[in-house]
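So, here's a batch of structures to check.
The two complexes that follow have chain A in common; it is paired with chain B in the first and with chain C in the second.
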Partner chain A sequence: MEIQTQQVDAIEVVTVQGDIDSKTAPAFQEALLPFYASNDDLVLNMSQVTFMSSAGLRVLLSVYRQASQASTRLVLVGLSEELQDTMSATGFLEHFETYTTLDEGIAAIKQKA
Partner chain B sequence: MNNDNVQVPASFDSLSSIRTYVMQAASAAGLEHKRAYRLQLAVDEIATNVVTHGGGSEQPDAYIRVSHEITDECLTIVLEDNSHPFDPTQQTLASDINAPLEERPIGGLGVYLALKNVDTFTYKYANQHNRNILVMYRQTPPPETQ
Partner chain C sequence: MQPLRFSFSDLIAGYVTYFDRAKACFGLQTSHGHDYDVYLTNNTYGQIVRNLGWPWHTANLGEMLSSGQYLYVYGIYYPQGDDYRFEAKSFVFPGTTPDTYNHEEPDWWINQIQAIADHYMHWQFDYPNQPIDYANYRTILHLAGGKKGDFLQETDTISRLVYGLSSAYLLTGKDYFLDAAEKGTEYLRRHMRFYDADEDLIYWYHGIQVMGKREQKLLTSEFGDDHDSIPAYEQIYALAGPIQTFRATGDPRILHDAEKTIELFDKFYIDREQGGYFSHLDPITLDPRADSLGNNRARKNWNSVGDHAPAYLINLWLATGEQKYADFLEYTFDTIVRHFPDYENSPFVQERFYEDWSHDTTWGWQQNRAVVGHNLKIAWNLMRMHSLKPKEDYVALARKIAELMPSVGSDQQRGGWYDVVERLLDEGEEIHRFVWHDRKAWWQQEQAILAYLILHGVLKDGSYQKHAREAASFYNAFQLDHDDGGVYFNVLANGLPYLMGNERLKGSHSMSGYHSMELCYLAAVYTNLLITKQPMDLHFRPRPDANRVLRVQPDILPPGSVRLESVTIDGQAYQNFDAEGLSVTLPESDTPLRVKVRLVPMPVMG
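The block that comes next holds the complex of A and B.
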């Protein structure tokens, strides 16, 4: 798993690549910690995630709680059908704001900024 | 018919090689991609559970052995380990998946996903070994009507 962070038009974009399992999830969680402190809106680009287990769901749960507590926007983009199935089976999907592409996710945040 | 198997240390480091093994078996059985992914997810969750509850760190010789069998109807994946007895089917499942995320307990999701994503799941304990048996039918169910 690899993680890249970048700023696109003053919005934080975190791109995850590869497999999120119990081995790699702690690094995913750690990469998100700076944003917990920053109170910035966050786009998680999941389009290159090839596998995600419940370990990934736990990270999403944590970042979701953080975002709702801080009243910041959290947007997920590029979820594969498989990831959507996992999130839907566990009742996660409906709680997240999701878009197909990164551009759509960024546009959505800008629109309601 | 148990062509080959792989034995790995019961640690999170082994998860990716276990998944690779499962995907190869799924491909040999001609499992449709989505069903292969579901099986891979289920096996990963069970293996994770073995590491977490089996006490990989307390028990340095803890291992997981993965084997598979392909019959006309099914692909069967067997995870066998020498950790403490642990029956996933007796674990408290992911409680209420309709509860708001704010109120969700953190545990139980993995086993819930494992049991939900395979066609049959069986647990046995014999000869000081846990055996988790996951079965997928090879035939893709007819596509849902759009």
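The block that comes next holds the complex of A and C.
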């Protein structure tokens, strides 16, 4: 798993590549920690995630909760059909704000900013 | 110190030793043998204990102050000479004669569970005015049942209410209680359950935050004791309501959820090297030894080791008869017997441990303190287990607890049981210090009642009967809220309700109808079937897809102590049942069946 961070139009974007499983989930969470503290809205680009285990789902839940507590927005983009199925099966896909493309995600944050 | 020279009011609980009509005075001896002269005044009045929903019943003091009568008298101490004179203001009598206790009537606890369950149905769902909808469930309920505007739905408090409603159905056969329990179980499954496809097991969210039609799922606990972790306690209590519902309906989906949650315990919480179950997991790695857990890292406690049994595991065994659950129970109780006693240091068990079972006396609020009710809960459940797999160790520890607790955990002056006390006495101290207060919580009373009821019911020991009667008398005299329904969270040492802060509430993180209704269910079973030897009806409503062998044993009771006398299905007599095995072979059906069984106590125990 690799994680890249960048700013697009002053919006933080985190792009994840590879598998998020029980081995990589702690690093995934670690990489997202700075964004909780900074109170910045965040786009999480999942378009290059090839597999996400339950451990990854738990990280997403944790991130989502932190974002809610900080009153910041967390937007997921690029969820594959398989990822959507995984999240849907556990019953929390509908509670995330999701968009198909990175541009749509950024636009959504800018629009409501 | 100079003698106290002011008046003050207080309660005395005791047994009448004499009554002098001419002097309007009677003698009262407390449970621990202190004698008082109590003076009546022109304004003294009394009542006979009443159940929820019952009218006031005035006591005839002149007739009822007979020798041996147990009673509570609230009065005022006035300084007089070198002593005090105690003048009575009001009485509560637990029965009308020295040998009668109203709470031992066959339907006392059954009527009480119906009243409590009806209140929670009204408070949470506005039933019967509105359909039962758990979207309207709220954790916080005011003293009179009103909702406070919170939006947190906690998994384990919903589960606890479901437990109470299922128990109410088992005793009363009122369909709406089971309808509500099934809806609650389905709500938990749809909103609170996390199926981990990688591990093929289930864990339960802490709860959900409801925001209009949106909900935020909370995987980790929101509470200070357990923050940012997955505590075993919450997983254990998530199963409590569904499994009690499973007893009534046989819904195979509930069994599946329980099996997958138990796999969570056996894969991640268990300590295979040093035994027992860890108390917390890291939410990402599911590791009990993760540094992120802070003072919950690699810890074991009463909840993680012992609470499986009363919360769901005994009921799961009752419903299935599966040996693997009996084995799990045995493992749990063997672990308790091995590690919890600490009698060379304290009359109370040790409740918190490090990974190697060395004692943790530094954790959070507990430090080196005892929860009185946990000691009693151990005694109660050891006696249940003893009837499943008899072991001298189980009875010995239960007896030890039962004999130690009254002097260190109960109020032998006023009746009732205390909350949290220091495990050790400091130099010069004679009473274990109360950590926060000397109030009496409803659930601690429950543990005392059930412990001494089953001890007496199984071992036939008069001293246990005395403690059971005293504990149940206090609870019924002071813990019931006759104005707004349900039970008070706490009463003061003198029995008056304490109505401040969280203790004012009828619904909270701590209270949601579980302990009060668990008490009704099991007190009815122990009283009727083991002590007063009265027949008892139980109700079940197995679904079409339920196992066709319905097990109807009401609790783990001594083998041969109860027999199944008769069965009706949908109101018609039915003969295909095993009277000694306490099971009914159900006919196939496309619809749920209404099964009513009559259990009768056997005159000679097996």
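Convention: the second predicted complex is superposed on the first by the 113 of 113 C-alpha atoms of A that agree within 3 Å, B and C clash if a C-alpha of one lies under 4 Å from a C-alpha of the other, contacts with A are read in each partner's own complex, and residues count from 1 in each chain.
Simple rule for what comes next: contacts are C-beta pairs under 8 Å (C-beta built on N, C-alpha and C of every residue); 3 or more make two chains touch, one makes a residue touch a chain.
Predicted, not measured: the structure shown is a model, and the values here were computed from it.
Chemist: Tell me the contact category for A:Thr90 with respect to chain B and chain C: first, second, both or neither.
Modeler: both
Chemist: By the touch definition at the top of the document, which applies to A:Pro34: first (chain B), second (chain C), both, or neither?
Modeler: In the superposed model, A:Pro34 contacts neither chain B nor chain C.
Chemist: What is the contact status of A:Val59 with respect to chain B (first) and chain C (second): first, second, both, or neither?
Modeler: second
Chemist: For A:Glu82, select first, second, both or neither according to whether it touches chain B, chain C, the two together, or no partner.
Modeler: In the superposition, A:Glu82 contacts chain B only.
Chemist: Name the contact category of A:Ser68: first (chain B only), second (chain C only), both, or neither.
Modeler: It touches chain B and chain C both.
Chemist: Would you mind listing the overlap between the chain B footprint and the chain C footprint on chain A?
Modeler: On chain A, the residues that contact chain B in one structure and chain C in the other are 21-22, 53-55, 57-58, 61, 64-65, 68, 86, 89-92, 95.
Chemist: Of all residues in chain C, which touch chain A in the complex?
Modeler: Its residues touching chain A are 190-191, 193-199, 209, 214-220, 283-286.
Chemist: Residues of chain B touching chain A in their complex?
Modeler: Interface residues on the chain B side: 12-13, 15-16, 19, 34, 37-38, 40-41, 44-45, 48, 51-52, 94, 97-102, 104, 106, 109-110, 112-113, 116-117.
Chemist: Please name which positions on chain A make contact with chain B in the complex.
Modeler: Residues 19, 21-23, 51, 53-55, 57-58, 61, 64-65, 68, 81-82, 85-86, 89-92, 95 of chain A touch chain B in their complex.
Chemist: Under the touch definition given earlier, write down the residues of chain A that touch chain C in their complex.
Modeler: The touching residues are 21-22, 25-26, 29, 53-55, 57-59, 61-62, 64-65, 68, 86, 89-92, 95.
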